[in-house]
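As written, the chains take the letters A, B, C and D, and residue 1 is the first residue of each chain.
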């Protein structure tokens, strides 16, 4: 049942291909910010969250710093001081501005940042026109576009936190008021265990098309027989764990997870709360009852791991996940659907090539610590800081989510977050 | 040489007087915010600082909550949820929003807050028109106007912190570029010691005109002979303290002050930094060299107290200050001068009725802990939370500063801050 | 009814007097440590608490550093490294060891510290024998003895915290098992309001005998008519405040006090807990029911102030307290009674000269911030750090308590603690 | 060159074998505490460190709770309250006492704990005598003995921290004063790269003899060709990294590691400091110059990883380490040598079966996050909390160190610590 990986390269490193993708990719960031008022784009509700305008400026700084300054002759930086403000974590490019203070930067304004974006975009077009030494900078532009897409996901993830933690809970956009609330007796399709035979498999990115350094090299792994769930765990299933006192019983939790419980006293996933005897949650559009058939979302690694133990199962490793995912094509509910929320796992057409829900909807926690693949080599130069230096105390997530741009994702794509993080669109599926 | 207190009541509690003052006072808040971009009005750079838009909304909430809701028949609150957002510390009016989180409130927008202001201002005009039971609500309107003026000062004080701690140091307003920088050899008028004879004096507010509860009752105090300086300590004098290692020698500091030094490692007043072998500071208009003749500003109680000990003197008590201040009329460099910065203490016309600089320029730290006067009674009702509950771990400051509205101040006005605070326009004068 | 202050000097600064007092005073510290096992003398349960062995060493270091090193020819310090360990806060004598780390000093051992004590005591006797320049060092020996007594109180106060916060709650000493528990219907003598006429009074220490610098100079104060309670507030009265929801209602609390409540969630005085529907408390001897007739103890300034407001009264100022206290002689339940706990305020012989309970039993919070008296001058030299540098964010307590050595106290004695502190034996009485 | 794993089981689970090992193993704990004074056994210098007396009591509590209470008929617990004090992290056995507060427990005394040990040891002997249901409890006694050995290592590791962070730096035991200081030009044997051929290997514990659950099951792994160093990195080599500014250059550090640097400002391994232009370190016996030929010790994961990157290499995975270690027998400088410090890596007899220093001296950091082996099953019952719940945010260390009891270690033994920890005897070797 496991098919070979036919995931094609989405963006070609060819100059015409880049050129074609550049403007629409950049425009998409601005479109995501468009429904927001200026004030929304300024605030930072916790250290992990960045203001919208910071995302818009930082992605622009990336092109300016790594492409334009070194490669576009006579390039005039838009404003000298921006390097000190919009460097996220590249020590090779100067001293990064403290992350948790991004929300105290009133300036530059949203308008100025939009002019900054135009300034840089026009300069990139000039670079495209000139074309000199393009073999040196096209890889950087390509990374820059993937980087932009990563921040598009973050714009939505972060603004959800900004809006959802506000006492008045404003919506990101005008929602369709005719939409019905989800039925409370909604049932997901039954969860089934699929068998995967133990063997030697290959995982990681093959050589075609773009991939981040952390997806390489493709390498062999030894797997034992295992079973994996036919879909992610649903909200209704997770609510049973809560009802059975899951958050109050240390036996289900990792030691660090129990410490998290003792320090923060959570009783449900992020954005859930109890109202009139039912769970309600927040989406980017509204506050509404939890749909039991939806994949659970906004849980951290500890919650995923604890649920799995309570259910007599475990989380899959990232190797198991990647191998098992081959049953689906890389299709699903991504940012382009503009739902910005996971779809319910209702019984659908089993012949669909995304019917096991590996891709889109929710990022899936795996039990694998984020670590280098055997033979891993960091990108060269400043890009060496892109991925490798975070390989510590993080866990791998796979599959993308409902706010991930489709063009960002590959089967081999490795996302990673600290085990306490739950403001991302994160769920999980079981293995055993 | 000590004259009797002839400080007249500034705002009469009469309905016509209030009516006359209401619109201009409210308008002044908006004028102070006018030079700022929207983004500037949102951020909070530290827990003590509130966003501009919060000040604009909170002062409006004050009138809505304490005047309109109880007294204007059929008043429609602008938006129900605002009570949870803009209550600063009135437990009698609900649960205050956490102070240090004011900067994560993206909504309501600046525009909405301006509409909120209009909505409330119009309702107040209706109340003025109806005039029923005015004896009950005119005192609250009067407090509300003084409250508005207090926040006008805070709007400028807080935005100075927002702008001055920004790496690009934007200016609050376009400064007059033809202004010359201060001469570096600027000398203040010589400091002289004035003798005050010990005796029984009266301090506190007499019964005419408005005063806050904490200025009452007027009462007798016993004073011994003392001497007090003819003007505040200047920047040049304070710089000598720095040069003599003042910040590195525990002998000058209170125990809590030395702990503050060990924790935060200050080397100069707030907003000062060393550049090319000279001190530069930040004003609301510019970054420019320190003028040695200006009163020292943005020092906390510990710094004032340490300087005084180093200089072989001490700070005056608030009683001494109030008695000695009678040499000046309540005149000086207040908000209305629109300098927003202390004037140099250069030798001027000694016949001027503010030539000892007791009023305006900088708030002056006294050595008096903020405590109730003998026979103190809190305002009634919700207003009982206005002043009395802060009488702990704060020190009294007197005299107003360059961003204090003139109409707020009286000779008996008692300002108070924690001894670590230095983002206010705070200086001091010596006594012995 | 207010008598003049006839409080005689307890310790004369004469050499024979000092000599007579020296050995018994030093011995008393060791006797207080005697019931403790070695382990008890090592631990530090919170930053405010010091280990018993630290107290024993620090008081010895005081004599070594300020008396023996400068004045005893050929004095050999016991161990060079001790200066770095046992300096509490004298910057003039080197860099103090961090206070909150005293409990990680396993060495020197209790035995070594006892040898240190003998070494220093013998050297002091040699100094007494020689007698040279005694006018220079007898004042320091005198301060050293008062300092020793202050630490005797702290030894008991701190070890109570060590023992009472231990889950097994060991007793400080074997208690008399035949002692009956207090009757639960125990009533204190009725509280009466005594009138004090407004006038000019003198407070502070007169010139006879020893006093700390902070008790001087004696000076005139203006008092208005006031009333003061005939005894401290009792446990039974305080329990009513708790029963009426006192800890849950912000209207009774100072702003800083309510913040303390929100941060630490107290529900009763320190050492109280609810057991089988009654309050039990811990003494140095036992865990036993609260005696309703005892003065309330182990409350902080916020609790005292909140109770007073709830009761429609206020705390007295230290001036009022000192003036009113003249009704009693400086007699009462001090350390020498070896009760180490407040006595119940039961009706006793009204002719007793301590029948208003101003002295002994519990320190009484006053509403006065700890500040210099007019004309205050610090002790000279190193002793200048003794008191003056703490005059910030502390409140004055008066009267001594059940673990205060009698010889330490005077009517004019000013104790001071931060308003959050409640591990001391602290209660209060009402005024209005 | 890689031999098969012939590591024999050290402790047999047979009753006679356990019986023979029980008393000497227990006695060894007491012998390690014997040189310490009572005070040394009480203090806790940081949350990771436990007091000696706590280790002595906790290991005893382990036998009482998991063996005697369930299996010895009529067993009388020594003291009821001890369960609340000496439970480390077993939620199935009650609520653990907060780890960071172990140092405030003055009681039980060292003497009482020794009586507790005797009480439990005698009861275990009675259990041995009766022998009923021994198949149920012998596995628990066996784990208890390994547990005791783990704490023997911790007794020495923790007391080193207690003594070494004391300003007077007392020694653990009287050192042999005739011992010469190490020569400063001491050179380790040259480091060589050994080649290991890529292949499928087996790692983990085979079925013979005791192993912890985390060492099982033995399983196949795929390895690529790699090279591994012939010995650990030496102090002299590490000092070069320091000299080249290693601690000041973010390019060598993981992102979390650089954050550690910014927060704690380390400049060298723990216990090193600069004195007269040379590095000195602390051993359990003395303060003395660093021996350049010794393996580097007391570095954390971040330091090991940064050094490796600077050196153009990397850390081995735990799989690589285990496979490569087969060149040595499980022999070396363990606790039994009573050196309690790593030996220099000087050229020795290459035919020695521990000449590559895989075992003893220093624990070696691997690049492997601590995770379950494929097919991992936790121990049953309370023992399920022993290892599995810590599999998060920790890295695996291998090989034991100079304070590890020999009987604790196996080739497959997996130690684990958080990447910031450096108070353990931790070093590393390079791979590439």
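Note that in this section a residue touches a chain if its C-beta (ideal position, glycine included) is under 8 Å from a C-beta of that chain, and two chains touch if they have at least 3 such contacts.
Predicted model, so just to flag it, every value in this text is computed and none were measured.
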Legend entry - Partner chains that chain A and chain B have in common: none
Inset, instruction - Could you work out which chain's C-alpha centre is the most distant one from the centre of chain A? - result: C
Legend entry - Distance between chain centroids, defined by C-alpha means - chain C, chain D (Å): 47
Legend entry - Between chain A and chain C, centroid-to-centroid distance (C-alpha), Å: 60
Legend entry - chain A and chain D: spacing of chain centres that average the CA atoms, whole Å: 38
Inset, instruction - Identify all positions of chain C at which a residue touches two or more other chains, and write them in rising order. - result: none
Inset, instruction - Could you please specify the touching residues of chain A with respect to chain D in the complex? - result: 89, 91-92, 200, 219-224, 250-251, 253-258, 301, 367-369, 371-372, 374-375, 389-393, 419
Legend entry - List of chain D residues in touch with chain C within their complex: 37-40, 42-45, 53, 81, 84-85, 97, 103-107, 109-110, 162-163, 165-168, 170
